């Protein structure tokens, strides 16, 4: 449905490499996530696919159309929600929707069933100007406007950034329902936890793709065992773990620290660490440093753990 | 523990609208205090009052011992502030930014020089002293922003969503800086959208519809709401909010 | 105090690192001094005048010699009749005509005085006054010279006739100039800002990624400004008729037609400016600095173009308002028809088509 073949894009006469030889294939009806922090190249890829930017090298197609030669055809058949909320601030919700429906040669009524679930949440405010909506509502309005013409492909560039947790959850639920309608959705987000909701994801950093797989596959690709270590004094725990000779990597994750150990032979999920491994020796070490309540358990890595790990290489 | 922030029924009204409603809490020295809430819950209003930028309608508050109604200038001198939207001037170099903020906070020339050397060393930016800030990667900018916000060694620093958009490793390095500052006795007042960062705090308060709906340590809150994560706790509280459109 | 100096220092740094603003801050005053000091002046030299000598005697010959010797006038000899003079005035070929009647010298010697007829084009009253003053000062000198050697004072009296604007009102010169300026500024600024605003807000992105043809975006940005400008035009014409007693002497339809042409030209300049401007502020600055200055200085209503250095005269040919100004003066003040303005109209049409052509071609259908 969407394909990129060695797409490269630079800015400032080659000084800034925004996208470096990225190749991706997105299947019809897939909910595909581009996951990565700012500067990863997500927005640039979106702009190339929606034909707003020309790549320096490489080719790309959307719905069978080439992004350079057939840009007009792509432009009439996709829905796009850019990074900043690009709607008319001084038009009301209803006026915005009406405008975009007309621009796409359709009407609100024609595809109402598609946007109904989302629109009903903002409908009570339909006479309020878009500029005076909260982040969550603007995002719902933008989604409606992008869907109004029942596009074959939906491009959503960081739709949940800066939006509160509740709205973010609701948004992903809406995406799931849209996927059920057969729309191919390419969505980008810096929030790693949202990656779980996608069929497949591409982890990106500084213009390159680190890994492409379904979330489970990415997690399976985590080398070695991951342990969660906890203690009441997390801060002290962090310090001691970093100075422990057996620690390979150690990163804070909320109230636990995720740790990998050196010289580790990966064990099966439920096995305890081998007796002479660095993992097994950790608790005694921590106890000797005054952390008597420290706990250690093997855990399943999350997307963020995998991302951090891939960054190292 | 010494109390550095104390509020008593702090309220702010805009006409009929009560943005912040009778907030009462205390923050101790060296504490990392997480200040959470959905958009529109009243977080920004509350922070502005604490920074001396907005006069409260009623109630009391003192920051670093200074009264929020009558001693706002002293408050401003004794706090640091960093927001995601802006902290540094893009078209000035790293050292020029440090020098500027040092001057704003009444530091004298030798003190600024010393601090500059120290900061650059700490952040590993010695070679970038004369680089324009706009040419720094986002992660370095964030870390520099934080350091600059405490260039004058304030007792309290307010961080408004400081880690948006950076990669996971940089985010954690940022929190290392926060921990280091807290160890030195700086009180950290931070808001964030990342729920795992809420766990790094000593205590967390969650605002909903203008009031503080919950205030406790992360472990305490999770126990109270029977949840595994701060995200679930937050979700439980936030989804009952009435103020959705603002 | 230290805070203040720190902040001031920072502000200086901001200013000096912004190349474009710097160029304007220093470049503009320098350009203005050069222009006003050396290139633009209210002095008038080499004005084209016609001389008709029906007397051809020693007195007239000598006076004509003095006129020729002064640097104020560029004399055209090839006009021989009243109709030719009239036509020349209408075309704007001459600014003044001096007519010596038959027996001029005889009248002077026998009666002690003689009248020389002077007709001046007063559509620019300042210019007319200046030229006629030059002439009168030459005559006064001559009078003094003649009187020296005679028994009685001899007096040549110029009889002045101001064409098109006998009361020497400023309005006839001012109103067409204001029309050109206002229409040009409004169209350019409003159009460029409207397009750039869309870019700045990000709504342009969504519009582009839609079946909405880019040409429709352009038309919808131009349309309101076109309508507003036409309304403005009628308001100006009505006001100048009612309050300034300056009705349109010629065909209103022709004037409106040419005005619409000028409006379209200005709109296309606005379009062109919007292509490279990234912010609304830049668009506004570009319109003001880029268009206001040339329009004010090189249209010809504040400073006569004929008196500018050749380089500026050539430059003024590129300014659309210059041609529109001529058309308005001829149609509105002199009551002339299409046959007198076809050349200017053609030039304006050419400019319009050219500018539209370039701006449409360069209108960005992509973000970069």
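Going by the order they are written in, the chains are A, B and C; count residues from 1 in each one.
As a convention for this text, contacts are C-beta pairs under 8 Å (C-beta built on N, C-alpha and C of every residue); 3 or more make two chains touch, one makes a residue touch a chain.
None of these values were measured; they are calculated from a predicted model.
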Contact-richer chain pair [B-C vs A-B]: A-B
Far-end chain from chain B, centres as C-alpha averages: C
Centre distance in Å when chain B and chain C are each reduced to the mean of their C-alpha atoms: 61
Inter-chain centre distance, chain A versus chain B - centres from mean C-alpha coordinates, in Å: 26
For chain B, residues that touch 2 or more chains besides their own: none
Where chain C touches two or more other chains at once, by residue number: none
Footprint of chain C on chain A - complex, ascending: 47, 50-54, 71-72, 75-76, 78, 80, 82, 84-89, 100, 103-105, 145
In the complex with chain A, residue positions of chain B that touch it: 38-40, 137-138, 164-170, 172, 175, 179, 183, 193, 195-200, 218-219, 229-231, 234-235, 238-239, 241, 244-246
Chain C - residues contacting chain A, complex: 201-203, 205-212, 365-368
Interface residues, chain B side, partner chain C - complex: 89, 91-92, 96, 99-100, 102-104, 106, 108
Interface residues, chain A side, partner chain B - complex: 36-39, 125, 128, 133-137, 161-166, 169, 190, 192-193, 205, 234-235, 238, 251-255, 304, 307-308, 311
